[in-house]
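Okay, so chain A shows up in both of these, paired with chain B first and chain C after.
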Partner chain A sequence: MTEQDGYNLRLYVAGQTPKSLNAIANLKKLCEKHLTGRYTIEVIDLMKDPALAQRDQIVAIPTLIRQLPEPLKRIIGDLSNAEKVLVGLDIAPT
Partner chain B sequence: MLCGSAGCGKTLFSMTFLYNGATQFDEPGVFIAFEEQPEDLVKNVGSLSYDIQRLIDEKKLAVDHIHIDRNEIEESGEYDLDGLFIRLGFAIDSVKAKRVVIDTIETLFGGLDNEAVLRSELRRLFEWLKEKGVTAIITGERGDGQLTRYGLEEYVADCVILLDNRVQEQLSTRRLRIVKYRGSAHGTNEYPFIIDEQGITVMPVTSAGLAHDASTERISSGIPDLDAMLEGKGYFKGSSILISGMAGSGKSTTSAHFADAACARGERCIYFAMEESPAQIMRNMKSIGLDLQHWVDKGLLKFSARRPNLYGLETHLAAMHREVREFDPAAVVVDPMSALMSAGVTTDVQSMILRLVDFLKSRGITALFTNLGHGQAESATTEMQISSLMDVWLLLYNRETNGEHNRQLYLIKSRGMAHSNQVREFIMSRDGIKLREAYIGPEGVLTGSARLAQEAKEKAAALDRQQEIERRNRDIARKRREIAAQIEALQAELDGEVAEASLLTEQADASREQLDADRTAMAAIRQVSSRAKAKAK
Partner chain C sequence: MPDKKTHLEDHLTAAPFQEAAETVEAIRHGKVDAIVVQGPNGPQVVVLQGAEEPYRVLVERMSDGAATIDNDGTVIFANNRLATMSGRAIGDLVGQNFGSLFAGGAPPLQPDVTAQAQLCCSGDKTLPVAVSASPLHIGETRATLITLADQTIHRQAIETANAERFARSILEQATDAIAVLGKDGVILHASAMADELAARPVAGELFMDAFPLQTGKEANAGVLARFSAESMNTLLATKPFHGVEVRMNSERMAHRTFLLSAGPLLNEEKTSIGSIVTLTEITDRKRAEEQQTMMVAELNHRVKNILAIVQSVAFQTTRNAASMQAFNDTFSGRIQAIAIAHDILTQTRWIGVGLRELVEKVLAPYRAEDRAISVEGPPILLPARSVMPLSMVVHELATNASKYGALSQPHGSLTIAWTMDAQKAIKLTWQESGGPAVGEPTGTGFGTKLIDRVITFDLEGEFQMDYAPTGITCTLTFPLKADISPDALPGSATRPH
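Now for the complex of A and B:
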């Protein structure tokens, strides 16, 4: 994995709700399939650390933020629609 | 719920709620801004002398900006607004807030597509806020045919306040109406409010009761001759005085005298000047010997000059209210009240004056209003139909006779006192205003030079009469002397006749005596002769 073309993803969830768990699972599945070895995922639980919500302008839960590469992208929802996630993350389906 | 169209003061209204909560009631607040950056917000309300930054530093206020950009967001699958809840909860906990403002939550509808989710989440949000025990103001844009564009009032149902900024005759007035407020008997009218550097001021449209205290204290009108017409004591304290008259009839001068008298008593006075600048008034009043400047310097007199059409009536009223509250005067002059006509329609002006009079009376302030009349001064009405509100009504007018204008003053009414009913001539001199008794005679009321001429005529007539009397007196004296002389002459005549008569008597006596003597002598002779006859026999 290189920093230049690597995907730095941050997933905000709130507790262990079905939506959150779905989102985490869906994201991992997607990344493994399309971004093998080119990604890092940071899962942030706002229940534990609410102050972070302000930093990244989180309103909806779950929210996925693509930190890198620029520009910043955000996708909300449990990521069940894989096609939309790929469009949102600018990942060409392989 | 606070709703209204753009620019009607929603943000300021809600910020006032938080600011006063934090500063006056020790209730910290949270401001969730969807539209403005916190820095902008702090700067913008800073113009209202709200020091938001200090409150933030003191942890009495938390400002959170929620930014939603549709372009950045892609939706995939189900989501909820837990993030918003968490941020709100975090902000509330960080300052232990009791008050929350969300401005403007409808932005969410613009940023997120799934309206069904949003609606259910908002319902959950409001319930959650209620559970938290915070008072929340939710602002919303006014929509067509309903209070808010997205029908938010369905969810927030405890109290709905509608703000409105309406333009009437080119003047905008902000108004506020409580649409609903559960569990309270709220006023249902529209209440005007203003926003200025002091924040938001709402004024009740009218105080319904008429329960002013009536003072029996009397205060001078500043014109000794006018006081004399008012039982020699002047106006009642706390009364309302209307001075109406045409242009140049001396309204401002009379007002200035009143203000001067108030200051001379050591009372404070506000002079609301609608047409002249303070400097101009002071200069003009100097010409009649009134020095208002030194009262201003002493802090007893305050001029408040404002253009009537600068802002709406309500703003004027609110500004006047505030100045009166701050300065706490015993006397107020509004010169001229009629200038307010240009700031609104007649009914509004009337109701505004009514409220002003009401407000001043409730504070026991003696108020003097001037009214510029047009045309015939005798037609005793004011354009605003407010004369009935006034306790004292002075009418000043110019009357043209013999090619000159002369000022006259009358007291049309003065409640609660035996006032003079005479028309007086009103003279402005270097020493102030003087009232002269006008000449009232068979030729009507005479003033000015006509009065002087009449007075001269009377003086001449009086002189004539005096001379006539003297002449008569001389005649009589002469006659008396003549008669006395006649009496003397007659007496002399009588004396002469008496003397003659006594002479005659004397002569008669003398002749009778002579006769007697003759007779005796004759008798003696006869006796002698008879004896001789007898001897001869």
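Now for the complex of A and C:
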């Protein structure tokens, strides 16, 4: 994975709320399908450390941040609409 | 939550417009279930309504009542169980003052402290409950989660536990062997006595392995003769048995008799889940019963014997009596001799009596100061069977002596002496002197005949009379037999006269 085509994703969740759990599951599924071997996911639980919300100015949870490739993108929700997520992250459907 | 709203709005206005719009949209459409707000100590996560669904389900399924109250003491949530306990709809409970739910006001609500209270129910009834409270934070809002445990259920649990303890103590202390069987005939619980009877802990064993009852064609199967050993486990677990006499195929228990009872073990729904089997040992009772039966038979037999003797004596006395008065005197004397013998036998429980004691008793009416009666001989225990015949013989001789012999005169003397040889033959000598001069009798009186018959047939011995002028001497020889069959009637009563 090179820095150019690799996806560096950060998912903000709040403990085990239903939408947080859904978001984690949906993201993993989507990445495995469309970004195989080209991604890293960092899950951040704001219940454990709410202060981390400030880094990406998180307001609603769950929120997915695409750190790389730039520019930084933000998708709010449980990522259940795969098509919308792909568009939001600029990933061409395979 | 006015503070939160302000922070959120501030944040949103500060963020780029599109992002803010997206966030608001997401919240509005329920795409998110938590938001970050600025609290006094920095960012804080607030879980939005709906996110606590799993917890709500949990609270709904609790067997205890649960309610959430706000700082003002108003019920903002109540679960189904609390609605059931109070007999009111959830909608009625929400919005009520918490204290109004109780007779006597709200119980004290302190974390980790359980308070007792009376929950108001429909129909002016109350329900004893244990109330406990724990603080709850919904974002910055403080609330209290209350749980209410139905104490009647708790009391029932205590009662059940007590009943169990009670049943267990019965099993422990019962003097009968008690086994609780499952439907397959396996022993689930056993009394201490049951374990003792089997000489090992029997729980877990099949009943018939622990207590091998005699069944089928076995000698003492009794009522169980209809069943096979294999079928007994299931039968005992499912069919009632009432006081069935049983014995066991076990060396240790072979000579013991038990009463077997079995009845169903019912659960709360009154369905049988097994049985309770009791084994009561009746060996001693059984032995006593047998002894009693034997004694009654023996008594019947003896009564029959005595009647036969009385009949025989009466018949022969009649034949020889000159007058009614003579019959009366003689007959009463003879019956008296039988009565004395009978008394002695009863006193000694028919075991037998000393020869001296018998002779002394029969001669007692004839003793007087001026008569010398001496009784000499080694101690001999006469078997019961010999007592009555010998009593009659001594009576006849004494009557005779008092009428015609040594005892009819003031200075007459009588000596009764006996010896016993190595073959246990007794030789008893009756010797009179000092009486009127004796001559050979002209005929044989009934007294002599009676003595002859009794000695010959009942004592299986011999009898000899010597009529010396100074006084008669009578010699009786008879074996000391303890094994004379008690079932036979006395020979003197059955032989032709």
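We adopt the following convention: the second predicted complex is superposed on the first by the 94 of 94 C-alpha atoms of A that agree within 3 Å, B and C clash if a C-alpha of one lies under 4 Å from a C-alpha of the other, contacts with A are read in each partner's own complex, and residues count from 1 in each chain.
The working rule: contacts are C-beta pairs under 8 Å (C-beta built on N, C-alpha and C of every residue); 3 or more make two chains touch, one makes a residue touch a chain.
These numbers come from a predicted model, not from an experiment.
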- Overlaying the two complexes on chain A, which is it for chain B and chain C: clash or fit? clash
- Task: Kindly classify A:Leu46 by the partners it touches after superposition: chain B alone (first), chain C alone (second), both, or neither?
- Result: both
- Message: Just checking: does A:Lys84 make contact with chain B only, chain C only, both, or neither of them? Give me first, second, both or neither.
- Response: first
- Task: Have a look at where A:Val59 lands relative to chain B and chain C in the superposition and call it first, second, both or neither.
- Result: both
- Message: By the touch definition at the top of the document, which applies to A:Ala14: first (chain B), second (chain C), both, or neither?
- Response: both
- Can A:Arg74 be said to touch chain B (first), chain C (second), both, or neither? both
- Residues of chain A that lie at the interface with chain B and also at the interface with chain C: 14, 17, 19, 46-47, 50-51, 53-54, 57-63, 74, 76-78
- In the complex, chain C touches chain A at residues 8, 11-12, 15, 19, 22-23, 26-27, 31-36, 42-45, 47, 50-51, 53-54
- Query: Considering the complex alone, what residue numbers of chain A touch chain B?
  - Reply: 12, 14, 17, 19, 22-23, 26, 46-47, 50-51, 53-54, 57-63, 71-82, 84-85, 87-88
- Query: Across the complex, what residues on chain B touch chain A?
  - Reply: 64, 66-68, 72-84, 86-87, 89-90, 108, 111-112
- How about chain A: which of its residues touch chain C in the complex? 14-15, 17-20, 46-47, 50-51, 53-54, 57-63, 74, 76-78
